[in-house]
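Each chain gets a letter, A, B, C and D, in the order it is written, and its residues are counted from 1.
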Amino acid sequence: MTPPSTPARVGIIGANGYGGGELSRLLSRHPGVELVGFSSRQFEGQPFRKAWPNADLEGTFENAQAVTERADIVFLALPNGLAMDLVPPLLAAGKRVIDLSADYRLPPEVYAQWYGKTHTSPELCAEAVYGLPELNREALRAARLVANPGCYVTATALALAPLARAGLIEGSVIVDGISGISGAGRNAAEFSFAEANENVQAYKVAGTHRHTAEMEANLARAGQEAVVTFTPHVAPYTRGILVTAYATPARPVSEAELLELYRAMYADEPFVQVLEGELPTPKAVSGSNRCDVAVRFDARARRIVAFGAIDNLMKGMAGEAVQNLNLMLGLEETLGLPRWGMWP
Amino acid sequence: MTPPSTPARVGIIGANGYGGGELSRLLSRHPGVELVGFSSRQFEGQPFRKAWPNADLEGTFENAQAVTERADIVFLALPNGLAMDLVPPLLAAGKRVIDLSADYRLPPEVYAQWYGKTHTSPELCAEAVYGLPELNREALRAARLVANPGCYVTATALALAPLARAGLIEGSVIVDGISGISGAGRNAAEFSFAEANENVQAYKVAGTHRHTAEMEANLARAGQEAVVTFTPHVAPYTRGILVTAYATPARPVSEAELLELYRAMYADEPFVQVLEGELPTPKAVSGSNRCDVAVRFDARARRIVAFGAIDNLMKGMAGEAVQNLNLMLGLEETLGLPRWGMWP
Amino acid sequence: MTPPSTPARVGIIGANGYGGGELSRLLSRHPGVELVGFSSRQFEGQPFRKAWPNADLEGTFENAQAVTERADIVFLALPNGLAMDLVPPLLAAGKRVIDLSADYRLPPEVYAQWYGKTHTSPELCAEAVYGLPELNREALRAARLVANPGCYVTATALALAPLARAGLIEGSVIVDGISGISGAGRNAAEFSFAEANENVQAYKVAGTHRHTAEMEANLARAGQEAVVTFTPHVAPYTRGILVTAYATPARPVSEAELLELYRAMYADEPFVQVLEGELPTPKAVSGSNRCDVAVRFDARARRIVAFGAIDNLMKGMAGEAVQNLNLMLGLEETLGLPRWGMWP
Amino acid sequence: MTPPSTPARVGIIGANGYGGGELSRLLSRHPGVELVGFSSRQFEGQPFRKAWPNADLEGTFENAQAVTERADIVFLALPNGLAMDLVPPLLAAGKRVIDLSADYRLPPEVYAQWYGKTHTSPELCAEAVYGLPELNREALRAARLVANPGCYVTATALALAPLARAGLIEGSVIVDGISGISGAGRNAAEFSFAEANENVQAYKVAGTHRHTAEMEANLARAGQEAVVTFTPHVAPYTRGILVTAYATPARPVSEAELLELYRAMYADEPFVQVLEGELPTPKAVSGSNRCDVAVRFDARARRIVAFGAIDNLMKGMAGEAVQNLNLMLGLEETLGLPRWGMWP
């Protein structure tokens, strides 16, 4: 597959947050697209480097309209609740949209229940394609509107999907997640260094975190319904998520058999790596679009323990969005996406 | 209760590791004892400040024999497997011993199974008193030999004991622990800064961590037997442990009822604090001998989620040992033990 | 010297910031005083633990007036520029005041120059006693109003004072400081974890940081005038300051001679420790009121290099204030002040 | 300039350390070369991913001879003192060598003085080309043997070169450096996380750090001799170096004039960026081969303050080596070298 002669024109709305910044970095180097603009309300009219001292990109933040007019494909990297108003006119104008927020990830009534807000473009929720290529690849190719998954959700879905596909889960599932602090966004005032350092915190526990609904939807998507108890934690590092998930097997299994399920499901996946002797860690995938997974069996307790690690800003956000873009454009799925990040 | 006119003479064997260093700091300021010596093979003959640049203590590391000869009560702060040979002659010489290692925490046959080694003084395992005051206070007062608990174990036992005492646990229990890196000891070469920073790692998963047996013993001690699946993680901070534990209730419960159980059990405990609106964090107990606990109920999944946080070197090690010392000497249980650590 | 039969009544204005929090911790345990109240505009009416999850203190934040009415000695732990209006009525009401801000550290015209603001109680600047006991002990005993030094300033003054006292400084001095992030205060939004971690930053360089004037005043106070070039840096840790200072010797010196000057000046100082084989580090003084100093001579470049390390919230702020309090009350100067902090 | 039809064959000796790991990552993706092998004594015979869990590279560590036989250009990423014996036979066999150690950076007699060791191939020191393209570009194109600079040295040289070139330095220079902990190498046992975290340390102070000689050589190379007082510090972050340097101007200057010198010298440099309103930070160049510099003038003290920041493993080591490789091969100098790293 070769890049088309005319690269697709892409634009980013909300390029001053972590998702938008990472998108800018990936798309400005992407050989199959042309980055035609980026917007920010906070930085409108200022050079890109004002927001991103690390960047190597000329140009100035514009307003959203200026960017979307020039783009064929629009990435929305905004806080939850804004995309649902912006998407309908974009689709009407013939644009394709990749939305990094939660707005189109769930059916409107489930959205209302978890996000406490009535959806303003509910009719598009059914059309939106959930952007997890490993569970949804074919549908993504033709998508007009992609709902990019949540960060914890991607790691959890890939850690548990082989079990759900094999119908191996009995009863409910426990998901214990640990996130670096970039997951809270760039303006997370409650995570000042001196307060957040030398600590680890659980938050939104016991069935109150919104990603729970999306995790349950993915188990169903993979083949098996199950209730999830999700406990997110935040630890003092910058990038990455590690998920440790627990399931009771529906029938007798061995660790070797479990491993075989994982290997089989992910054999051809460019961005999922099944580890055997080692366990996934965020450091090993930092800066990469890879998700590392592993599975173990605690025979004494008859319990499956599954692990997944991602870079929350790459495979958990901007990298996954670019992977979806590649599918939408018929490009090589790995184009512009590193599998090898930095260590240390 | 007032300190006796003649303070007890205490000595520390292995004062160059984190447990021994923290013991030195606490005992040198403790108004009820006299610290008569401290030993280290690595630093023998060198001033205390050579090992501890933070310290305000004159004197020189000696060998173990010189210290134990002058002491009435001996703290052993050594790697696992050494105490079992040192304790018999100490008891025979009329000393009382507080052992910070795992050597006397378990019955000898359970010890052999988890630690892969035959116990060399198995007859003392039955006499040894398990050093968790909240579950074992009366027995500690007269103890000759105290087995100080493991760090993860203390946080887990206090997080789950009210449930076990009420017979509320059905089936097996999941314990997800996150530790700072000081838990790996002072010479943990595998945790060099550049390798360990910006990462979080699970290790010894799926029923392979030795603290599992001790956790199960404490559930039984509190009133209910249950198998434990324990997943330890290490995160890039220095001090403290946070445990998130999951149990299925044996009968219908409400969160209010659970909270009442915790409040009732810990109402008079000087070093356990039951939180309500907030969740326990290691930062809130850093430098303190306090354990903060909390309990929540996930009604959707019908699952109890319990939390415990400690400073692993205080309530998880040296502080708990001093608390046991106070009990053994008939002193005020809180003597020499801060409840208020530093923030930030 | 024994504590008086009736302990002095002390109150804290601004007890929700890092300085006020540390003062609360020290004063609530201080055997020579009674902490009669603490105020906070943000937390007025709320329990102390709402602001300080680590604390072991009952009671509720009040407004400033309620606290000052009950207190004999008032600690002001407020942002710069507020104390100058609060102090005159407090003194008029017969209170003694220890001010942690910069308001009374400099002559009013120097204050105006560096802080860009006309002083509103300039007549008190002359009466205020600069609160660095090592340079000003006798004057502090009778002080009504103490101006507690800046954090960088304390470390710098103690690192350079023996040189200034010996008239050894030729030309100007360079001070290179590295601070942990708690130095920016508790609400430092620009230092969110993900932005500040994995970085080190210089700021307010080339003669623009306000502590410069105070450093120069201390050199004069110690015996020699010199211009200072000060470069502050912030590094990703929580507590502590390390200062590396450079001076050209006014006459030939040897490292041994320099060391002797430091030893002689600090021989009887309870909170200054002169290191020889080692160099000062913030970790070695974390949680302690100690300042560690060292001096070296670069013979190739004919340049003196002096070092000072403190815990910025202890000897650099709250600990120094309590040391000043002890002097004002005629108590043992070390009362309630640890010399031995935590490691690790 | 286009890559040649037959890419150069490159090999890495010592690919298990941080320099070798970063080289592997860069060279395996470099469009102008073929990575034909990598060696490690510790990992010989094991897959590359055993040493680098982040990697996306097949193949196995070999011994050095197997690698060098297949390579046209050999990168030596070994501890100091080994290259001097390995290089002569490699050159004799017609290979070109880029040495990341200090072995060929200095004249043999200066090497002996600072490294305490007699050079075993002194005749090659004169032939070796010092690998700082900004000062030495033309000589590098034809080099058989390149001595890649030290990490602190690169940042210092680029921060001070415009001053030396203009003859603006009077007397000696002070260089205050802060390094992340990866600078100590991958097996730095003294920097275990719990010991190194929450601290900042000066080391090898007052004219004892070996990079001093190399810094002085670069000032001479840029146009002006000066003695350097260098104080390295290590702070708790992983990657990057920030250098703050001080010089007294030889004649009256203004900050605007200084800035103009920097702009002029670096106008066409692909990897040096002169900042104006902001100051260089390691975070802004993390993962990039860029060096950010800035200059300020402290008029009160009549002192120039210059800043330089690099990623010590990129522009300070592996990235600079690849930049040198590009010059040696006549390729585009920026080939395979990112200017835009990750944030956060």
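Rule of thumb we're sticking to: a residue touches a chain if its C-beta (ideal position, glycine included) is under 8 Å from a C-beta of that chain, and two chains touch if they have at least 3 such contacts.
Since we're looking at a predicted model, the values are computed, not measured.
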Shared touch partners for chain B + chain C come out as A, D
Give the chain pair, either A-B or A-C, that is connected by more C-beta contacts.
-> A-B
How many Å are there between the centre of chain A and the centre of chain C, using C-alpha atoms for each centre?
-> 47
CA centroids of chain A and chain D: separation to the nearest Å works out as 36
Centre to centre, by mean C-alpha position, how many angstrom separate chain A and chain B?
-> 39
Please set out, as single numbers or ranges, the residues of chain C touching at least two other chains.
-> 18, 180, 182, 186, 194-195, 197-198, 236-239, 281, 283, 286, 344
Touching chain B in the complex, chain A uses residues 172, 174, 176, 178, 180, 194-195, 197-203, 205-207, 227-229, 231, 233, 235-240, 242, 244, 246, 279, 281-283, 286, 296-303, 305, 307, 344
State the interface residues of chain A toward chain D in the complex, per the touch definition above.
-> 18, 21-22, 25, 28-29, 52-57, 182, 186, 198, 238-239, 278, 281, 283-288, 290, 338-344
Which bits of chain B are touching chain D when the two form their complex?
-> 18, 180-182, 184, 186-189, 191-198, 236-238
